[in-house]
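Here it is, the structure in full.
Chain lettering (A, B and C) follows the sequence in which the chains are written, and residue indices restart at 1 in each chain.
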Amino acid sequence: MSFFEGGLFWFTEGVLACLAIIALRTWTQDKGIRMPFWKWPVVCTWVLFLGVSIAYVGTSLGEGERHAAFLGAVCAAVIASVSGVVVWRLLRL
Amino acid sequence: MATAKAVTKNRERLLAFAIVVSLLAGWVVGWSRHHSDVAGFLQQGLPDAVRFESEQDDIYAGLTDAQSESETVGYVAIRSAPGYAGPVTVAVGLDPNGTVVNAVLVRQTESPAFFRKVADKGFPGRFKGKACSDPFEIGDDVDSVTGATVTLTALTEAIRLACSDIATGRLGLPPVVRPRPPIQFGLPEILLILLIATGFAAHAKKLPGGPTIRWVVLIASLVFVGFVWRRPVSLANINSLLIGYWPGWQNGVYWCVLLAALLVPAILTGKTPYCSHICPFGAAQEILVKVGGSKRQLPPKYGRLFKILQRALAWIAVMCALIFRNPTAISYEAPATLFTFIGANWQFVLLALILIASLFIARPWCNALCPIRAVTDYLRLLRRNFGR
Amino acid sequence: MPERQLRVNRRTLIKAAGATSAVLGLSGLGLSGYRAGKAPDSYTGCEGSQGAAQDFDRKRFAVDTPPYEKVGPTSRADGRTEVIFSRVGVARSAAEKGAKIEDLDEPFKSYYAQHPEDFEFDKQNRELRRKVREDSEENRNRYILAEAWAGAMGAVSPRSIGNDPPEVSDFPRQGSREPFKMKSPAATAKLIKKVSYEFGTVLVGITKLNPDWVYQYPSSRRGFATDEPIEVPKHWKYAIVVGTPMSWDPMYANPTYGTSNDAYSKSRIVAFRLASFIKRLGYAARPHTPGNSYDLMVPPIMVDAGLGEQGRHSVVITPELGCNFRPAVVTTNLPMATDKPIAFGVQEFCKTCKICAEQCPSGAICKGDKEVVRGYRRYRLHSSKCFNFWNSTHGSMGCRVCIAVCPYTRKSNWVHKTALQVTANDPTGLSHKMLTGMQKRFYPGPEPSDYYAATLGGKNASYREPPWWLKTEDFIAL
């Protein structure tokens, strides 16, 4: 079993996610962005979408489906950009 | 100052004129290319003939020998009918009695899978021996091919046209009266006309609450013209028009209405309400710029550059279409990629770049690349300079 | 005062949350440790025999009546004529002698009189094969490794069951053993499934045998008189369905690089081992196995046994392997608890997807609606057209394109498992259309006509590139 399928991998992912969330908190405080509770799930969903998209591209490449990986990347880029702008404007509220 | 204006005016006229000339030249080149390579097909159409004499209307007389008063063994006509993806062209040879000697395929651009179905059943060779007075009706005297109806219809129609043109024009036979094909006029056509009428009224400021109505029409157009029917105006339609391929009766009304909505106001008034009030891809860009919350235009410096690029690209695309007599010889239209979700990889990248750019700049496609805008700009140029 | 109270509350809350997460975390460690100890992965070298691949929650999708529709009186298939392999030789020799349908013997005369187009198709296939062989040497050489691999996969096979009637050959040798009394049907079913996995099956299901699925007349010599109707033996009470997938990468490189032999051979071994096991318990058992050694039709039995649903292409779609599954059946009188059929959305999905029909190079898969065949509603498959394409392409014989292109035939990773769960749990059918659209655009195949051999107007195309180890040109100097 390789590292990427094991529990240690997901543990590391969890640690990294925690660090990212703490960093996001500090960053918003420095920027003077208010972070009421509803903004957290919005940001998390966006990051999750990004993560799933990257994973999809990776899985498709792994399967040998280059066309699917390419289209997936293009679609994800558009959706992530558009929703990213929306999330950004919501954050600035 | 006045002289500078005059110089610009002169330059504009020259440009407009040069473009007309180039398009005409392109058309002629395409037409002659198209007609220079038919010799082989003529021979296949009428194997007994020794030489062919070109006559009017794309009809060729097949003669027995090189003598000037040699006997006519029959006629070959080259005819096309619109299929799924462009015209299906055939050469049909008829003997003096009006019987099909042979029918051969000259050119087609159908999807290979569709055409294969028709070819597998022995078409167009199966038309051998038919009389030109036959009804040429699929399901009646022509066997149907499941799953390739449009292609077979086009093929049959082209052969029927060839037969009836030779029969009435050369053999003096009476024309065969056929029932006219039904005109496609349904919900899409009605809705489209409604959309266009409302959009135009809003554009002419004839309606209260114009901006709101404009948004309603734009969104409805995005949904229906864009994602449901997947048939916005494209340069391919204009190319078809220029080459002389008229849309098939299957989609005729829809295309005519849509093209008229674009071209008629541009010619008559120099305005393009289609672009601002109906275009589904315009709608998509406007929604995105609302999402992005930006009001920026292309910076004037790049704006000029992009205008030149936009018009040059459009000109190249039209010229290639004319020369190769293929409406989609060059196609870089992002709207088609968005709505059909079919395209080459670079077309998807282009689409993605435009959609992302739309978040930050107002209508980047319309201002920097859309070939339709280049066409209407050119119509406006013609109007301005040669209008009255 | 209220502020202080609030602070205490908050501190309590944090402490409580911390304690809860500690408990959760620790029990999580325990659970994951337990899973790690039990995981199929830990059975080094025998991961496959733990039944881990059959992981779809069938109970949630169990239905009381199988997901096919019975309409009016039913009849049984004639194995002599309705099985392409049984009839095709007759048409071939008729083609050689220039014989017409009227000249044939019964039952072929009446079958072909009813299906004259099948006669035309069946006569052609030898000629098609000859044309394929006319392809350039370079094109033919491309498949040397694929054909060697397919041949090797078919080289090992259990003995045939012989030509004794089932009353003799299905039972343990005379006097050798009285049937042991089993404790309970449920326990027996559990045992049979476990040993099936150990014998090498990937999926297994048990059902009562519906006699409608037994051929009216036999298709191969397995102890039945050739021209007498089969009377379903009384001891064929249950049917156990087992089976294995074809190797995934060559399967995606069909019709040319793939083979059925690998899965055929494995499934045959499982079925023969299982029959032997049951006989050693004193009960009757008869294997019905691929290539063409059956007294019955397997797909509907698979549906009855809850392994999957029959798709538009007539192949059964299983949740775990899609249609990449080559089944075998063991009929027996060993009393067992049976499985329920499952319905996980395939009937709805196949109505609109049609990818197999669009990609089928021979046009054998219908694009229309279901028809009534022998009293059951199903999609009609034109087996003559299908078999003609087998003869129109290079490689180890066969096509399997419909199996490769089916959106359900996907490897087990989170992308495809998620898609499967979405389609199975979506009652609206909205996701079906969306996923079909994505499937067509994200995973496109070649033009169907390109699958044909170059000498038949095609491009020797395969759905996907062959795996590296089947690329002849990389290994053999030609």
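Note that contacts are C-beta pairs under 8 Å (C-beta built on N, C-alpha and C of every residue); 3 or more make two chains touch, one makes a residue touch a chain.
All values reported here derive from a predicted model rather than from experimental measurement.
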B-C or A-C - the one linked by more C-beta pairs in contact: A-C
Central chain (distance from its CA mean to the mean of all protein CA atoms): C
Rounded Å distance, chain A centre to chain B centre (Cα mean): 45
Distance between chain centroids, defined by C-alpha means - chain A, chain C (Å): 39
Averaged-CA centre spacing for the pair chain C and chain B, given as whole angstrom: 47
Residues of chain C whose C-beta touches two or more other chains: 441
Per-residue overlap in chain A, given as positions that touch at least 2 other chains: 71
Footprint of chain C on chain B - complex, ascending: 111-113, 116-117, 147, 341-342
Chain A-touching residues of chain B, taken from the complex the two chains share: 288, 291-293, 345, 348-349, 351-352, 355-356, 359
Residue ranges of chain C in contact with chain A within the complex: 32, 36, 41, 411, 413-415, 441-444, 464-465
Touching residues (chain side chain C, partner chain B) in the complex: 363, 367, 437, 441, 447-450, 457
Residue ranges of chain A in contact with chain B within the complex: 70-71, 74-75, 77-78, 81-82, 85-86, 89
